[in-house]
């Protein structure tokens, strides 16, 4: 299943009510929104999903709601945790709820490749036979993985079925990952899809990224895989100013949630504390970027 | 209560069975061992307590068992977590079990004092009126706090009743913390007590540290506070070679657990994976250091 | 002088010959290229200028050549160094050569605001009365500075005449810097100008950034300051795909040098080792992006 | 020569005058002091030698003076630098002055083993056939090297003749380094010699460390290599309280320089700014530790 992943996995937000509680009704509307705009699957409880602000029970509830609403379409759940025990526990709980697999990034503080290998030996022994997306996101985790060590992990652990690649530069790393001998795994790319058409040119199987306009991701993917490379770039470039604006770490997540709110996908845009809050100037910038996007889309027909 | 903390808080290990399960019976024997060797209180589920390898349920079970066996003597529980929600949840659970208070260190990735202040604003709002030990352990957390920012935290949050100081050098920082205006908080020091007698000279209220021979900590504390400074140093120096050997991060924890096992305080010495394992050469070094200590204690009468 | 900096400071590359030697002739052609495309001034020997691969004598030679060719137009020279002594020595040498000022970022390893203040106290005492651009680039240096601490530095050190702001998100930080009480300093922004029109909306005085097409920077600046905000965004958006492609750290610098070579600004594109090298796939991506840019510029008239 | 290094390499301080200038006369007296107390060789301009506060000319002058005064006895010079060009330039200059070899640690920011290998490929190509001490000091550099990657570096680069090992825990790493197949290199250990007798038991060739009482290092080395293991420990333990007090990073260096001043080895104890300064409380602690040491040495005869 997961090892044949392709298409558009949207990295989903976690919606909150004004009082900071989880907004499960908005999970439903957001799920519908993502699939209506071309998602092949969802990745929930990632970094952009504010996973590290939830209790375990909240995490399970959010994952379960996404799975239920997705009605059989794939949902991958982020379970990265500094505690292998808590990672394993959450993995079992969300797999029970029907997740397609889990996404795991190494924790910070792994300082040599020996330590990376040792960490994943412990993880994979503990979680058992669960399909895994290995997330390579060093600027967030603080732990770097070279291409050879990622090849070694793939060789050791049959559970790894997808690489979520978001090191920078991603392009050359994708080429080197694709040149690895041995078992083929899917490669999906993150970094908010900032390099999506070029990454498709490097041989990825699709994006695994968040964006307030997921229709861009699905259109670019569809055009590119249909051989319409120029058209794929054209669509991508049209959204790039907004995409880049959302590509500002947690502050970008605040922007994305606000745009999703404006589009009716969720009821409230706020992030859980501690987290950024938008002010009037920020809103005015969003206004401008959305107006310009609307104009460009209209011009393009 | 906690704001008048003084004496010897032993940083407790978490005992495991050979199969990696929590060994609650050894919690009992270890608790007895600590108090028989002069502990005033215990600090459980710290870094040396392998807290980040447990599930939440395991953490609560360990804390509860320590509290129960301590029979009213104070037990502080480490609750640091990258998720404020999980930190708050665990805090409530262990306070329900009778903990005297909780110990909190800032997570890694807080990059300015503004971010440190923002983080603790969120934490203290969420946990409510719970006595807190603020842990300053930057070499482990990766987040540094200056003396002025610690003063600001003390001023903002009445829940902070103790500073666990283990920045390096600790000595000058203790002097500067003691010179802060405003509300007095207790200062207990960690770093495996490597500088205990000098830290007592700088005005701390006692150690909050782990050692396989807690009688050293209690003797040094008793002698020093009785004005017998030279004798305090004499006792400390006698144990220093072993103390230093245990002061090797997680590998030192493995040594400490082995020595505690040899002394009958716990049944098994192993750490949960991923973690270091001792081999024959390591055991021979421990043999040598313990034999030398026994000789020196005998010579000293 | 420098405190009234405004306009477009181009962050200049350091050209090398095929054998790795400095290519001073290309410094001349590149200087001409920058000024012909609208530069107000240059910033040489920054991170993108491979400063940390040069000897001191090479650094002075490069700076001197840029200053000479600039014929009186301003040249700022990066002098950041882990050694305050070497920083001060290089500062004196390049000021002697006619630099308008120097750019200084804090070294890595400053862990509290107290340490940041102490570091700059030592620096400014040592370099004397030299105009300084304070560079805030934490993702490169590893040292974060909050807005209040930057205000304190400005208050303490009259030499600071410009802030080069390239923290992320830059937008909110610019607004907060502009709201600081006290002496006004110029704010120029880096991050490869990825947010230039919005940053102009936040009140900056111009970009201090590198790009293979500096005419974009100067056009955007001119349009924006003439009140033609929409047109400024239009120009910016046209170049954004290439700009983003160049915004990939040292790998992006390799791309930029290759494009500058294709445009005739320098003779050789190579970076000094250790550094990235482009292959055929990379060149094909550059081809595509340049062709698309040419088409879009033609379409826009 | 260097590949047969054994014995006691003292990590030397750099003496300054009260006004912050280099004190070359104190280099002479300090050199004499080290050799009178049993040094086999010296390592100058390391981290504890405040190397990163000097200009290149000052570095060369200090190294040259040490070499001259050493009169043929070996002097290794630290040349680590973020710029390979400056590293290579300084290497050539100090080898011209008669250094036995240079010591190189990787700079911070090397994030994978591939990057470590690439960095050293560039370094060794550039410096040519110069004997090198590879310094493994990750807590200072921020770059971690596993045992296999160190083996690979030794295999690739014949210039590596000594490993200065100061990762923690050092003991198990020494055992694993000694078990590497291939060419034997000497292993000398740093970390202020905090684990010297046990490290000798693991098969090192001696210490490469600084201490205000180098006679301890040479006595421990002589006793241990003469088979008098217990006596070696006895001597070591006697000095351990002071050794540990000096083992506090740059603050410990300030202490060490003060004790060296009191012993007549240098004229002034001050460190260059930015750096710690001792106050009356610090001096009183030093008084106490020296008095206790004197008493213990007297008791031991």
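So that you can tell them apart, the chains are marked A, B, C and D in the order they are listed, and the count of residues begins at 1 in each.
Everything that follows uses one rule, which is that a contact is a pair of C-beta atoms (placed from the backbone, for glycine too) under 8 Å apart; a residue touches a chain by one contact, two chains touch by 3 or more.
Here the structure is a predicted model, which means the values were calculated and not measured.
Listed by label, the chains touching subunit A and subunit D alike are B, C. Among the remaining chains, the Cα-based centre furthest from that of subunit D is the centre of A. Remark: subunit B and subunit C have CA centroids separated by 47 Å (rounded to whole angstrom).
One inter-chain figure worth recording: subunit A and subunit C are separated by 32 Å, centre to centre, where each centre is the mean of the chain's CA atoms.
Per-chain Cα centroids separate subunit C from subunit D by 38 Å. Residue numbers of subunit C whose C-beta contacts span two or more other chains: 115. The part of subunit D that touches subunit B in the complex is made up of residues 168-169, 171-172, 175, 194-195, 198, 201-202, 230, 233, 236-237, 240-241, 244-245, 248-249, 251-252, 276, 281-282, 285, 288, 292. Remark: subunit D residues 111-115, 138, 144-149 touch subunit A in the complex.
On the subunit D side of its complex with subunit C, the touching residues are 52-56, 58, 82-86, 89, 108, 115, 118-119, 121-122, 125, 142, 272-274.
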